[in-house]
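One chain, chain A, appears in both complexes that follow, with chain B as partner in the first and chain C in the second.
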Partner chain A sequence: MEKTSSLSISRPYYSPKELSYLHSKTIADSKKVIYNQRKHQVYQYLFQIIKVLKLPLKVLNTSMIYYQKFYLFNIFEEEFEDFSNIEKSMELDPFNVSLASLFLACKNEDCIKKLRDILLVANKIKDNQIEENFIELQRKIILGLEFKLLQILQFNFNNQISFSTDSLVLQFCKKINLNYKYSLFCWLVNFDLMLTPIGLTLPPHCIALAIIIISLNFKPNDLKTRELSSGVNENILDSLNPKDFKCPEKLVNEGILYILDFYIHQYNLSILNNYLPQINEDLNKEQIFKFMNLKSKFNNLRTLNEHSIDGNLLKQDESLSLFDYSISSKGTSRFINKRKRLLEEID
Partner chain B sequence: MTQRKYTKEKKVGEGTYAVVYLGKTEKSRQIAIKEIKTGLFKDGLDMSAIREVKYLQELRHENVIELIDVFSNDGNLNLVLEFLPADLEVLIKDQSIIFKPGDIKSWLLMTLRGIHHCHRNFIIHRDLKPNNLLISPDGYLKIADFGLARSLGNANEDLSSNVVTRWYRSPELLFGAKHYDTAVDIWSIGIIFAELMLRTPYLPGQDDINQLDVTFRALGTPTEANWPNVTALPLYNAINVYAPPSRQELRNRFSAATEKALDLLIAMTVLDPSKRCNSTQALMDDFFTESPPPTRPENLPSKNTNKKQKTE
Partner chain C sequence: MDSFEANTQFNQLLRSINPSVQSLKKTAHFAIKNWENEDYLFPSILDILNDIHVELNTKSTIFQLIDVLINESFTISAHKDSAYSYPYINNLKSALPQILLKVLPGHNNYNLYNVFNSLRNISKTLKIDTSEYEQQWNLSSEMLSKEEMENIDLNLPYPEVVLDDASSNDPVVQAWELLIKKRKQSFYDRLRLLKHQPPKTEDLSEDEMFYVNTKERAHNQLTKKQILLRMEDDRETHKRSKESLWVVERPKNSVGVTEEEFMGFYWNKFDKLSKEDEKALFETLEGYNEVVAGSYKDVQ
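On to the complex of A and B.
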């Protein structure tokens, strides 16, 4: 029987196992490489739009979270078999999904731009011919995608982005008196992380603290900057306590290991690569070895325990299935943003 | 479980982005359902709706309207809100209702408690006025309409100064400041406090330029001496200079106010926002502990015949 109602509880974060499970359903193995390529392109594309429109960086961060969240519940397929159906092809185009993500992120971050203005800039960057009919069709497609995104987010605008990681990184650097080079290193790492799914797994303050701990261990004294930096107090690292930053230790540890893995595998493609000399002055080897050294140092960190999550349980979890938009268009979809609320009702 | 049943009983209002219906829950609790229009003629989901959902989902306080549920039906977004049949503006305008000093104290206290909860969650309301202070059937005042609210952003972010209904707009907003904070709400509450005592709007400017004149005629024109750097604000130019009112002039204007009531009014309407009191200071003010005590909500005057629920 066709379902006429549904209940969605907002899930702010997903464990690494849940993320891989969701991706296994939405991104075919044959498309994993292309998904990652597109994600890099989308990130560059949105960054250019944001620069032209003079939007703050947190909008890019939020847009990337929305974009990646979209593909947790929607199948990544770029081309629709029926070429005559232009609307459907446009709806599947990841660049249009990214524009819908940017449009909603602008609203949520209170940096409102008219969709038309975003599209004019976006099409110019892509060298698309800007015809009135095309813009109107694109606008219609993106507004449809926005409503899909809103449902995937369960109309919850607060969970992942109440405080953006970039502003928290800077605030934490200030709080512990980190010098310019170390702070810039942190900021660059955060910039690199925006294109990763780390924001779907960990809250911003835990990511920010993990970045700071990596910076203090990495000691980026050879970072290329014009500014001179004072020395860093060696005792800062020992005195850092995750509890002072309201961070659960295991989540910070997850962050540390994730970031190190990211640079071990993708250092050459990273923005940080442009700011560090090729050879690490401490090791006299390539920078990547420094990240590998740190990984072995941190290998015993206690991280999230996912032993209880197995494939069968994930299959039974309805909140991890593909999103059924037909229910809200024909029937009723109810959205709850707090689990506590649901438990109250069951009681 | 998924189908929590609500009934829509009658349409009570229609605004630019929403239609409001009165209804009931399964347990016969009265509710208001705001049906948000999501048509293509607009730029997607309206910003006011996003703000309302975003902030009300986070706030749970007896002096803030409760967002009971969010659901999507036939492609529309519906917000289920608690039913609040009256507002403070209606009571102020009804000259047949007599306000006792304890009543005014009670409404002011409930407004400050509600806004204190918003401010400690880093949310600025930005549209406080009697019309947005709704009254529950049991007399509780609740802050509503978060369509202009926003969270306190980064210090380097520009904020729009085109917020707050004109009569309740603070001087920094009138001067076009792009950086402001929770003090704009405190100013509005100060002006509402004055209106509760006067039973007529305190600073009714006819347009934005006239609002500056009306405000400074009543409270004095800010200068570099009492508000450092005020002259650097974008719209600070060609304004008439008025002397600040003497204590006696204020006593004459607010003839029924006690000295402590005047002290609190003055603290909430200091021209320089950095010297204006905050919600904590206002709540701790001696005015609330001097006699008479605030009237209990259930004993406050009400207008039983008026059935009203805010639309945008």
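On to the complex of A and C.
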């Protein structure tokens, strides 16, 4: 029998194993490279739009989270060959998905822009012809994509709560009196991380604290800045306790290792690369070795617990299957944001 | 564009103005671009404010336009290679007190808060310190004198607020003085109404509620439709006022993120949290940890 109703619970975060399971279903092996390329392009594209519209960086961050979340539950494919169905291929276009993400992120971050204004800027950047008919169609497609996105997010806008990672990073820096140079380093790392799915796995405060711990270990004294900085108190690191920041320790550890891995693999593409000299002062080697050293130092950290997650169980978990949008058009889809409520309903 | 054509077009823009950012900026930019015709365009702004057939809602929007126009003229002219030399600012500034009374005529003070917000922006743009008046604004509920309180008991109307021609103060300061008087007037009227007009307890039809088709409806009183439009407009206004809170100005032609952005919008913007704020932040985070914990299948 066809399903006519569904009940799903909002899950802002997924464990790394769940992420790779979801990706294995939505991104074919042959498309992995192109998916990553597209993600970089989309990121640059959104960044340009954000610059023209003077939006704050937190909007970019949220947009990238939404964009990546979309491809956990929708198959990544680009049907550019089939010109017969324009609407369908527009719907599949990752750039349109990214615009829907941006539009929704603007609303959630309280920096409201009309969709029309976003589209005018977006099309100009892509050198698209701006014809009234085209914009009208694009608007329709993007509003449709936005609705899909909302269902994937289970209409839960609490995900980002009232603070974003960038402001938390700064607040934590100020709390422990970190100097200008180290704080800038943290801010740059946070910017680099917007390209990664770390925001799908970990909450903002744990990412922020992980970044700060990395900066204290990395000691970025050779970061090129215009402002002079005072020295950093060596004791900060020893007295840093994740509990003081209300961060579950394992999640912070997960963040630390994730960030180190990211720089070990993608340092050359990172923004940090533009700010640090090629050779690390302490090691007299390239910067990447510093990250590798730290990685071996931190290798024994206890990270995210994934005991109960194995392949067979994942397959049985309906909430991790492709999102079925047809249920809500034929019957009812309901969304709940507390696990406790869900368990009560099932009983 | 000759002066006649510019003026015609400008009038069309003014008549169809709405409080969205686009509409306000478009009109302001048109005026600035045609700065050579300021002698024609500036009086058009006054004309529309003097026109008794123009709704007060529109006049409130015009006041917001003045706010935007002063700001844009200032920003554009302050630019290093700018070809403009602060058009409209002088004219608008000296007419401010008189304009203010047109937007808040007689005892109709429902544009009060919008005028307050715009006047505050204008003062900020013109770098005039008005913190003293802002304080008075917030305190004016306590500002009624003993005599005035007695007048309320006697059901006497509050005197009309009029322009003091003899005043030699800066026009912006004069405008603030008038606004504070208006604020008092509005508060006084409210107390008087509460005291002397018994509340109606019986059911009222919509027509009665909005004085539709009765002679009772005084000039400048809003109809239902106008009230609904106004709610829509104020939403736009609110959105616009928020925009100034988040706009990030970045250096032109910059690639990637810049240290300037970090300096201006992060390092200098964030102060160490006070004890109470920090406590509140960590309480929120603690609460959020429950959501986080619920999101993973295993205990973390």
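In this section, the second predicted complex is superposed on the first by the 337 of 347 C-alpha atoms of A that agree within 3 Å, B and C clash if a C-alpha of one lies under 4 Å from a C-alpha of the other, contacts with A are read in each partner's own complex, and residues count from 1 in each chain.
We take it that a residue touches a chain if its C-beta (ideal position, glycine included) is under 8 Å from a C-beta of that chain, and two chains touch if they have at least 3 such contacts.
Since we're looking at a predicted model, the values are computed, not measured.
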Chain C versus chain B on the shared chain A, clash or fit after superposition: clash
Partner chain in contact with A:I27 - chain B first, chain C second, else both or neither: neither
First (chain B), second (chain C), both or neither touched by A:F335: first
Touched partner set for A:L184, first chain B, second chain C, both or neither: second
Contacts of A:I112 with chain B and chain C, given as first, second, both or neither: both
Of chain B and chain C, the chain that contacts the larger number of chain A residues: C
Partner chain in contact with A:P56 - chain B first, chain C second, else both or neither: both
First (chain B), second (chain C), both or neither touched by A:F157: first
Which superposed partner A:L7 touches (first chain B, second chain C, both, neither): first
Partner chain in contact with A:I65 - chain B first, chain C second, else both or neither: neither
Partner chain(s) touched by A:L143 [first = chain B, second = chain C, both, neither]: first
Segment of chain B intruding into chain C (one of 8-16, 206-214 or 278-286): 206-214
Touching both chain C and chain B, counted on chain A across the two superposed complexes: 56, 110, 112, 158, 162, 167, 337
For the chain A and chain C complex, residues of the former touching the latter: 11-15, 51, 54-57, 110-112, 117, 158, 161-163, 166-167, 170-171, 174-175, 177, 180, 183-184, 187-188, 191, 203, 205, 225-227, 245-248, 250-251, 271, 274, 304-309, 337-340
Chain B contact footprint on chain A (complex, rising order): 5-7, 56, 103-104, 107-108, 110, 112, 114-115, 139-140, 143, 146-147, 150-151, 155-158, 162, 167, 328-337, 345-346
Chain A-facing residues of chain C, complex: 22, 239, 242-243, 246-250, 254, 256-257, 259, 261-263, 265-267, 270-273, 278, 281-282, 284-286, 288-289, 291-300
Footprint of chain A on chain B - complex, ascending: 1-4, 38, 40, 43-45, 47, 50, 53-54, 57-58, 69-75, 77, 150-151, 153-154, 157
